[in-house]
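In the two complexes below, chain A is the common chain; its partner is chain B in one and chain C in the other.
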Partner chain A sequence: MHVVRPLIFVWAALMSLLALTIAASFALTGPLSLVTSMGVATVKAVLVYWFFMHLREEGGLIRLAAIAGIAWLMIFFFLALADYATRSSS
Partner chain B sequence: MTSDHMVDAASHPAQPGIAETAEERVSYLRAGHTLGSWLFTSDHKRIAILYFISVTFFFFVGGAAATLMRADLLTPQADLLSDEGYNRAFTLHGVIMVWFFLIPSIPNTFGNFLVPLMIGARDLAFPRLNLLSWYIYMLGGLFTIYVLIAGGVDTGWTFYTPLSSMFANGNVVLAATAVFIVGFSSILTGLNFIVTIHKLRAPGMTWGRLPLFIWSLYATSLILVLATPILSVTLALIAAERLFGIGVFNPSLGGDPLLYQHLFWFYSHPAVYIMVLPALGVVSELVAAAARKPVFGYQFVAGSSIAIAAIGFLVWGHHMFVAGQSAYASAIFSFLSLAVAVPSGIKVYNWTATLYKGQISLDPPFLFAMSFIGLFVVGGLTGVILAMLAVDVHVHDTYFVVAHFHYIMVGGTVSAYFGALHYWWPKIIGRRYSLAWGRLSAALIFLGFNLTFFPQFLLGYLGMPRRYHVYPPEFQVLHVLSTAGASILGVAYLLPFTYLFYSMRYGKPAGANPWEATGLEWSIPSPPPKHNFAERPTVTRAPYDYTIEYEESDD
Partner chain C sequence: MTERVQVHEPFVDPAQQHAADMLGMYIFLASEIMLFGGLFAVLFVCRLLHPQEIAAASKELHLWIGGINTAILLTSSLAVAIAVQLARQGSRRAVAISLAAAAALGAGFLILKAVEYRLEYSDGLLPGFSTASKFANPATHLFMNIYLIATVLHAVHLSIGILLLAGLVWKLLRRSLQVPKRASVIAVSGLYWHLVDVIWIFLYPALYLIR
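Take a look at the complex of A and B:
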């Protein structure tokens, strides 16, 4: 049971975060809505990584490998945005 | 029945040639004679040979396409191929050379063979996954052969949208599928190498004692694992747009055509380092063995491999300077592209310092290493020139670019491939080959290469665009020179296969360490026994600890 309990807590947390996302999509508009839903999504992803994917129990090397995927996605977004955010509209 | 017959013929003492040696009898080469014992092997050494045969095959298929193109370019008119045929020839040439030769070339042949031997292990961490990666490679290869027979594709190896989406003709989907499939073979190999290098090193084989070839393969594997999935996703997005009308790249569906180029080069610039990093590792080994000295600045040469792998991910936009990317982004990518040349420069300086005052051997492997260094410097420096924003506007999409990347990928990587072949052949096969013929092919390859590709720098600078087969008559002289060089190069590439093949039967037994080199792979018999090491080796010495014999000199 003590193995399952944290998982149920995490699942419940994910569900309430989902509720938060849905609520925010009605309550907020514009950039604020984007920031909120991205923020909530990040928290969800961290929970999944940490508990469901067992990174909590792993050593530094495995954690590093897991982070690498996200980090590389960030590199892509960051440098691609250097183009998209500064392109002239003409 | 046939296999029994072959065994008899091979071990029969009355046959001409040099009789089987005691080492050969217990080697991996004789551990099973049936076709099945090769096709279902999980021995990394045999898988290396399977890969060697297949990538060499594709090297010559890709070479055939190049031959057609060079023949067509002899005159300013189109005489051999139609416009469409020419487009299809350069596309297949690129697709085959990049994904079916260059990327797997050194890692999957020499890497597969040497990683366990160099770190003192019995095999890779996942031997069956290793075999699976070869089957996936072959499946992708079959798709490619099918595309070839079915008439080809005309998008160029880059599959740029909208050529591959709205205006596609030919077998774009099949060709992209072939590349998609072969990507998984790369990922499995990268994963296997990373785990093996982390987990299976012999006692005493610390990170600071790893051979530099292993460091470079480790860096390569990181790129294979981190970059290849991006290519798979990108090709899948093309499919999603074509099949389901999801707007990703097509502006009329709300997509952005440049997004394709961002995604493609986010994979493909790192991929050019997949192609050259293993070659840099080979050259570090060859330079140390040629100079008989420890590699100058070992930590820097090792670290620069990792630096290249990391910085290589930050420069992709240099392929898009004139494609409509924002000027601000171009400036950032230009700066980062200059930065990636620094670790490559470190390697070249350190090799030179290693050779300085060494007793340099001029045996074939080392001649290949020397020509690598020269050609890699030209290729790298012209890369820096191309990374300058203003210059690139002039030479983008001309033969200057073609010359740049052929100096690195052909002058560099293919020379290193042949260097590795000449260096480790006696280990792999257990026989010596003719050094004189080896020196001759190294020299011919160097000459033929420069005659083929140096004129292309001039052509590009003068304004000859790439991917055209009809051109103004004033360019003809340089094109004829280039085709003449290509003919020499073609013959020179075939030459080693004759005397190496001959040595399998008539060569003298090589002995364990014909070059008197350091490294665990030279401490076991040639060819290696099935399980590599009779007992687990323990490493107690620094890498490349040659006793230095300086040349006589005054200072």
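Take a look at the complex of A and C:
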């Protein structure tokens, strides 16, 4: 039971964050809404990776492999948005 | 836990074998992240170019069905995480029950998703099945195209996950998969399940909660 209890706490935290992101969608609009919803999703993903996907117990090599894909994706997002986010609206 | 694990060629110790298992699966998952990443890039650029239209289109989606489905997947991930812990302790039946519960929750997600597609079809908002002229504007049509492709691709991944877990349950019940000797098989399959959950964690706000 002692190994299961922390997992249930993590699940409770994930459900609370889900409630938070839905509530935020009624209160916020525009860029603030995007930043909040993606921020909450990132926190949820970190919880899943750290506790459910065992990164808590693993060494540096596995942690590095786990974030490699996301790191590359962020580089691609940055390059794509360097174009789209800086276009003039005229 | 490690001394009770079966070590295969070419590995010499359980820790090395475990690291190789996890590393290989994480690299595969990186390829899945890149696959879905492209869809997210398209979605964000689309949102940047047509903020009002996309926000209006997102409001037409069934927020609560998506929310319930998110809760279902988060709960299924809990069941898989518990199964991995139980597998390390060697409780075969409990692992099978826990994995079966996760697979059943996954199936529940798919059923609810099908109901949601049916509702969108009735609203005339399902690309390929509804007439194009019914969409409020081209940006809405584009958004619904992305929505359909992203959610169907996710559903395909979830279906593979359900088959994977069902296969493990079958093998556990027939005793052809032994725990804790081969608990790593449960852990590595669990990683796939959790990633499909993480993808939905991002898809839900990116599609349903645009305001």
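Note that in this section the second predicted complex is superposed on the first by the 86 of 90 C-alpha atoms of A that agree within 3 Å, B and C clash if a C-alpha of one lies under 4 Å from a C-alpha of the other, contacts with A are read in each partner's own complex, and residues count from 1 in each chain.
Methods note: a residue touches a chain if its C-beta (ideal position, glycine included) is under 8 Å from a C-beta of that chain, and two chains touch if they have at least 3 such contacts.
The structure presented is a predicted model; accordingly, all values stated were derived computationally and were not measured.
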{"item": "Chain B versus chain C as contact partner of A:Ile75, first or second or both or neither", "value": "first"}
{"item": "Partner chain(s) touched by A:Met53 [first = chain B, second = chain C, both, neither]", "value": "second"}
{"item": "More chain A residues in contact - chain B or chain C", "value": "C"}
{"item": "Touching partner for A:Thr86 - first (chain B), second (chain C), both, neither", "value": "first"}
{"item": "First (chain B), second (chain C), both or neither touched by A:Leu28", "value": "second"}
{"item": "Common interface residues of chain A - those touching chain B in one complex and chain C in the other", "value": "61, 68-69, 72, 76, 80, 84"}
{"item": "Partner chain A, residues of chain B touching it in the complex", "value": "198, 226, 230, 258-259, 262, 266, 313-314, 316-317, 320, 324-329, 332-333"}
{"item": "Chain C-facing residues of chain A, complex", "value": "3-4, 7-8, 10-11, 14-15, 18, 21-22, 24-26, 28-30, 33-34, 37-38, 40-41, 44-45, 48-49, 51-54, 58-59, 61-62, 65-66, 68-70, 72-73, 76-77, 80-81, 84-85"}
{"item": "Of all residues in chain C, those that touch chain A in their complex", "value": "19, 22-23, 26-27, 29-34, 37, 40-41, 44-45, 47-49, 51, 55, 63, 67, 70-71, 74-75, 77-78, 80-82, 84-85, 89, 187, 190-191, 194-195, 197-198, 201-202, 204-206, 208-211"}
{"item": "List of chain A residues in touch with chain B within their complex", "value": "61, 68-69, 72, 75-76, 79-80, 82-84, 86-88"}
